[in-house]
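In the part that follows, the structures are each spelled out as structure tokens.
Below, subunit A partners subunit B and then partners subunit C, in two separate complexes.
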Partner chain A sequence: MAAPLVLVILVAVTVRAVLYRSSLAAFISERVEVASPLNAWKRVVEGLALLDLGVSPYSGAIFHETPLIIYLFHFLIEYAELVFMITDVLTAVALYLAIQDFNKVVFKKQKLLIELDKYAPDVAELIQTPMEMHYIPLKVALFYLLNPYTVMSCVAKSTCAINNTVIAFFILATIKGSAFLSAVFLALATYQSLYPLTLFAPALLYLLQRQFIPIKLKSKSFWLYTMQYAALYLCSLVVIICLSFFLLNSWDFIPSVYGFILSVPDLTPNIGLFWYFFAEMFEHFSLFFVCVFQINVFFYTIPLAIKLKEHPVFFMFVQIAIISIFKSYPTVGDIALYMAFLPVWSHLYRFLRNIFILSCVLIVCSLLFPVLWHLWIYAGSANSNFYYAITLTFNIGQILLISDYFYAFLRREYYLTHGLHLTRQDGTEAMLVLK
Partner chain B sequence: MAAAVPAVCRIRAAAAAAATLLLGCCGAALTSSIQDQAEQFFRSGHTNNWAVLVCTSRFWFNYRHVANTLSVYRSVKRLGIPDSHIVLMLADDMACNPRNPKPATVFSHKNMELNVYGDDVEVDYRSYEVTVENFLRVLTGRIPPSTPRSKRLLSDDRSNILIYMTGHGGNGFLKFQDSEEITNVELADAFEQMWQKRRYNELLFIIDTCQGASMYERFYSPNIMALASSQVGEDSLSHQPDLGIGVHLMDRYTFYVLEFLEEIHPASQTNMNDLFQVCPKSLCVSTPGHRTDLFQRDPQNVLITDFFGSVRKVEITTETISLDHDLAGFASKLPKDELATEPLKYAEQLPVAQIIHQKPKQKDWHPPGGFILGLWALIIMVFFKTYGIKHMKHIF
Partner chain C sequence: LSYVAGLGWFLALAFPPLAPRTYMSENAMGSTMVEEQFLFGERALSYSREFAGHKKKAGGMPVAWLEKTLWNLGLEVHRQPFSRTLPFPDETRERYMVKGTNVYGILRAPRAASTEALVLSVPCSEGPHNNQAVGLMLALASYFRGQIYWAKDIIFLVNEHDLLGMEAWLEAYHDVNVTEVQSSGTLGRAGAIQAAISLELSSDVVTSFDVAVEGLNGQLPNLDLLNLFHAFCQKNGLLCTIQGKLQRSDWDSLPAYAHSLQTLLLMVLAQASGQPRGDHGLFLRYRIEAITLRGINSFRQYKYDMTTVGKTLEGMFRKLNNLLERLHQSYFFYLLPSLSRFVSIGVYMPAFGFLILVLVLKISFWAVGSGWGPFPSPWHPPPAGAAGLTVGFPQESQPGLLVLVPPLLICHATGLALYFLPVLGQRMATQHFPVSESEAVVLTVIAIYVAGMALPHNTHRVLAGGGSDRGWMALKLLALLYLAVQLGCLALLNFSLGFLLAATMVPAAAAVQPTGPKVLLAALLVLATPAVTLLLGIFLQRELVEAPAAAAEGWQLFLAAVGEGLLQHHLYGSFLFPFLALGAYPCWLLLWNVLFWK
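Now for the complex of A and B:
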């Protein structure tokens, strides 16, 4: 499987290199859908230039990257394009290896459950076979590398790609079972953009499952392992933050990075939900609504953990999707990450109800973003409501996509244990309804 | 008979001698007076005159500011400066204002004695064109190429420029058009730019606003003389209202300056000291001020017509006058250091050769050693923790 992967990588790198040298590169790097105030390349260059002039890059509201990014790009700024191509390739390879291992785990679990007779007799067509699962890792890598969103994000040199790489390595470490590495990468991901904090729960669930520790609140080993993992995570986070202090000998980066993410002062339009709302809000209420919006990201973790505790990787997928929809400055690079996982759940296709409408919505909205931006900003014949309408529709499309997959997943699980042909007590056919 | 002839001859000879003596004396006196007059020819260093007259306020109740400016315009034009050398900036049109009961007139005396608008006024910057930016562009010459000649101040280093400004002002600023201000620092810098570009020989700055003296406090360029109608903390007051027109017609200071200037004709020898006495406190209520410390010549020797008129000294004579190398008046009055010309050269050109070769930028900031050490130590620790300590032997 290495050869097709290498081929895919080569094609992806060629596409990116061609786009870098074309005139589209400048156009793409200025699009607000691709570059947000948090991860725009222009701001990285500005911050490094300020540093060369002897001024802290965090003075003023231009630069919102972490000190480790400063360190990375201080030496690599001339090779920026190479760096971003390499990060994309690393993400794809990490996802490839992770999904390969995950498939083995799924398959083993399936075999165990079949032998234990946990499945109903008539669900043969729902069982995943190695044949159809053989190409899934390649498809995942393909989906990530050749997704137009990823390509645009790479051409724009948005540091979202680096965040995606760290999250991909975190997923790889989790699926391989190494709690230490997974905690370290999760700490790095949280350090860069605050929201991967919510991925702590699915990672913990997965590692517990791997260690065969039952997830009961009264179990001592459960709490012990949780404490260990939490301690590893928090310690690495603290160490990284303290190390960042020594780069510039100041704590300036904390309000500039985390304060900025949490308090959303910059209301440049993007594909998220925050900007329009806060542009028209009175000062008096802005704190309250900022809290409400931020809680929205973290809120779904506990209910999903309770429902999906047997399926932590799916939980991780849903959680990443929720982060990229509800975070304060989303870009298409975040979307590309969770869309890369879609081939893993391709066996759910028969249960997806709205997939046609959703794909149309997503494609049309992506095409309409630049159109309505042009109409609003350049032609002056539209206004921000038009652009926000498309943002809303796009996000609704994403939310429906996630909930569709969620429903399909749960439905399949139900069918697996209760059989495909459900009957009510009186023998007539029953319908499965999500309540 | 013989005795009479020698007597007559003697008398004739004596008369002739006296006549030649007288003629000689007269000739000497004439030559020396011509010498004096020739000296006078070089007394002032200018060859042409310009005037920039600015009225900065709009609205009908600021009629007096327009009348102020137009009176100075009238005097200056009467004394010989042509319209092509006058830049007249009026922020509002009073003559054709719908509230003017006497259209096409602007009066400066009550009872409508003197119409300063006349019938040959040429306003160069009118209405909304009178802005701080346009004023500064006129002064410094940084004007877009499409500007017509009548809107340009095409002075050179032998020009004497009269700058008259009136309007509403305060301590350190002058208000333009009710929406923006020019500060005394900006004005001083504009004059310095003019000096550096050799755009004037001498400059007379007159300002008639409240607290006008604050506007000339910051000048630092040579050859500037400044007059103001009031000191810092005082208001300049208006002269008299006309009940027929309904507004105050003139400000006091400019009213008395106008009366003073009406007495001047192109050949007057009145000097600046008289102008300084023009409006004593009894008449003006405010205390006019002046500043001459930047001016090289003694104000006693500066004629009013050096600035307010365009006077050409022409003397026709058949005598031969030899100009001495060291004309006493000329050398001593012009100091050697400030006006001594260093060769004028262009500004520093860009270092093109360097730019072409595009040397890589030197990075000045480096991450501190402690940080790098800590980071790599952490990375190595993570590596060994994950893959076991047994790999250490491969490194060392």
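Now for the complex of A and C:
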């Protein structure tokens, strides 16, 4: 089982190494889809230069990375390409192991439920067999490593790859059931890009499930565990932040990183939804709409937590997808992370309604990005509306994809408990949550 | 049917109702209310004679004389030497290692800080060509120098080795280096260039002016610039043509329609080739609106002297001088069935849309037919039989999808080989075969191209179970999708190229399958391959300019065009060749694969 994984890793590393040496690397790293103001390599280099000069890297308005990242690259700048390749590989391996474990858990649970006769009698064909599940971890690694999005963001040396690694380790730790490591990695991820904060809920749900603690608001053990986990999380967050304070001896990085993420001052076009809105908007409304947009990202956590409290890993997937769609500076690297999870849900395939059309939409949009960018910026014959139209289509495609998966998941669960052959029409409740 | 509709729509584009009259949308250039006072046609001619003399003496561009003359006119003069080694020798123009010098003079605007500039460029070509253009430029420079109303700097540029010099100058002016031209950086700069006019004149009197609009990669200048030229030609009574075709006065007759259709087709072919049709073509890449004016001296009765030509140019420059901002009002996407009529993007896109619709319909039928598409309505639980089938599907699709990988990889590897090998392998080819270097390059291209066609027979047999029906269906689906996406993107960048490729490739792509009359389909597919399209395009073009080519000559032209395409890519970054090698050709190979699946 390990051999194919090694093979995939080798192929992925080769592809990246070749691309680093080719003339495409410079082109890719300039693309706004790949490198956002938050994680562009150019800015890291700028921050490093400032640091070497003994100036606070945040004194300019260029650098928005966290202090730990800059110190990491302070020592590793010579091996930057290697670092990015290794982070990608680590992410893939972490996902591989995590999904392997997760599959075991799913299988056990399924067996248990069958033995308990919880499932309807005629759903044999819906049940996942070990044959099907055998290749899923490999496919996950494959999807992550050979996804053109990942390759591009690795070649562009976007630090988004590091965020992905941290999140992948967080998922691994959570699925292995280590509350401490999970909290630490979650804190690191939050520290990196703030939005993974919302992953707290699924992780907590999963750990609770693992400890067989019922999720009841009245039960004492539930609250105890929650407090424990939250305390772990907060402590590690505080430690990390203090560490960065001692590294730089100033609190500059707080406004420069988190203020930058939250108040969206840089309106460079990207694949997200923010830039066009705020470029068009009157200044005095923008505060209100920034709040609305940011709340939007965090808003889905609660309804999803209620709806998916039995399925925290799926919840995690949906949440990561939501973050990567609605965050303020999204890049294709973020998208690659949740796309890696798609094979895990391959058993939902028969319930998906328009996966074919949606994948076509996504592919077409990703190809149209550079074309319209060229027309807008270089040829001067199109304008920003063209580009934004594509951004919008791309994001709608993603949203529909996620809601399709979500809906399919709920439908499958429904059929599992109620049987495949129902006379009544059903499944309407699933429409409530997303859009 | 949709295909026919698309072609029909395209043919109808030349009809008057679909092609409205052009009009000026930029306010600052609204009316032709400037009074031209240029009277120095004679002086232009004397300059040109002098220039011709010095050019002959120097055996190339008389740099020192030009500098002195421009300096005497009171301009700020700079020179810019450059050199460039071509990837392989260019046989039609006989150059390999190019060294040259651009000379330019800047007329500083008396009425504004140097923030904006206009360019009048004249290529200095070998032989007796273009002397008059230099003369006229010098005369205009001396006249412009005396005027007080200039608000933009005017740059008078004489560039050597036409496009190469132009590229070197533009790169140095904008301080970038996209191609591998070595040049000393330019010393003097004026402001941001707003518009440029490139002038080619080879006779003392002209009968008409031909205007060339198509730039690199089929980029077009803003329609307003063209309108401006047209307006001044009308004002001064000059005849002007586009694509060498005069506009006809009667609009509703059949011959007039045929005539404008010819013009339109010529424009489409020229745009599709992606070659700049004049020195202006490189300006467009830097977002500078530019056109080339070519003086034609034919056997018509009415001749115009230098004074009239000079007046026209003066008028245009004064209008451009009035511009308040970049030309942005009018159209950037258009086709011209004649100089006074245009077809805008909204009108011509449906033609392309219909062609693509064929692919989209085909894809969706295919997707539904082969079970890739939407599953039974979500509101009804799927019936048991269908469910059994769909559950069985994943296992079945597993080898199906894997089978697709080798053909895909092989097709793209062939494309890559086609892209890289010709230039890399030229040395080896010249050692082993009795051919010159440029011939070697062209022949390698063709050899790899044809070799690629032989490959697919063997690819799928490597894998067991490759011959299944689902395999080729999936492959065809993929190829169709790939083609549709490519053509869609392409049509946005270069409509003509996209349209031509769509018109040839779509029917073949839609029809191809491993069953049925194989020979017929193979012939159809071969006809649709991009190389054959190129060949046909060349014949069509010759037909339209009323100089039909014989087969042998066509072949020569074809070889020349391939070489030219390669050079254009390496010299100026034209994307036609890489697109064909890396995009269209692998896609076509996929279809070829489908045909020989069994």
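Following the convention adopted for this analysis, the second predicted complex is superposed on the first by the 423 of 435 C-alpha atoms of A that agree within 3 Å, B and C clash if a C-alpha of one lies under 4 Å from a C-alpha of the other, contacts with A are read in each partner's own complex, and residues count from 1 in each chain.
Everything that follows uses one rule, which is that a contact is a pair of C-beta atoms (placed from the backbone, for glycine too) under 8 Å apart; a residue touches a chain by one contact, two chains touch by 3 or more.
These numbers come from a predicted model, not from an experiment.
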For the overlay on subunit A, clash or fit between subunit B and subunit C? clash
Decide which partner touches more residues of subunit A, taking subunit B and subunit C as the two options. C
Would you sort A:Ile363 into first (subunit B), second (subunit C), both or neither based on which partner it touches? second
Is A:Gly54 touching the first partner subunit B, the second partner subunit C, both, or neither of them? first
After lining up the shared chain so the two structures overlap, which partner does A:Glu310 touch, if you call subunit B first and subunit C second: first, second, both or neither? neither
Quick one: classify A:His74 as touching subunit B (first), subunit C (second), both or neither. first
Quick check on the superposed pair: does A:Glu30 touch subunit B, subunit C, both, or neither? Answer first, second, both or neither. neither
With the two complexes superposed on chain A, say which partner A:Phe180 touches: subunit B (first), subunit C (second), both, or neither. first
With the two complexes superposed on chain A, say which partner A:Phe246 touches: subunit B (first), subunit C (second), both, or neither. first
Can you pull the subunit A residues that subunit B and subunit C both touch? none
The subunit A residues in contact with subunit B across the complex are 51-54, 68, 70-71, 74, 178, 180-181, 184, 239, 243, 246-247, 249
Quick one: in the complex, what on subunit C touches subunit A? 219-220, 284-285, 287, 326, 328, 332-333, 367, 372-375, 378-382, 384, 387-388, 390-391, 394, 481, 485, 488-489, 492-493
Touching subunit C in the complex: which residues of subunit A? 125, 132, 346, 349-354, 356-357, 360, 363-364, 367-368, 371-372, 374-375, 378-381, 407, 411, 415, 420-422, 425, 427
Within their complex, state which residues of subunit B touch subunit A. 361, 363-368, 370-372, 374-375, 378, 382, 385-386
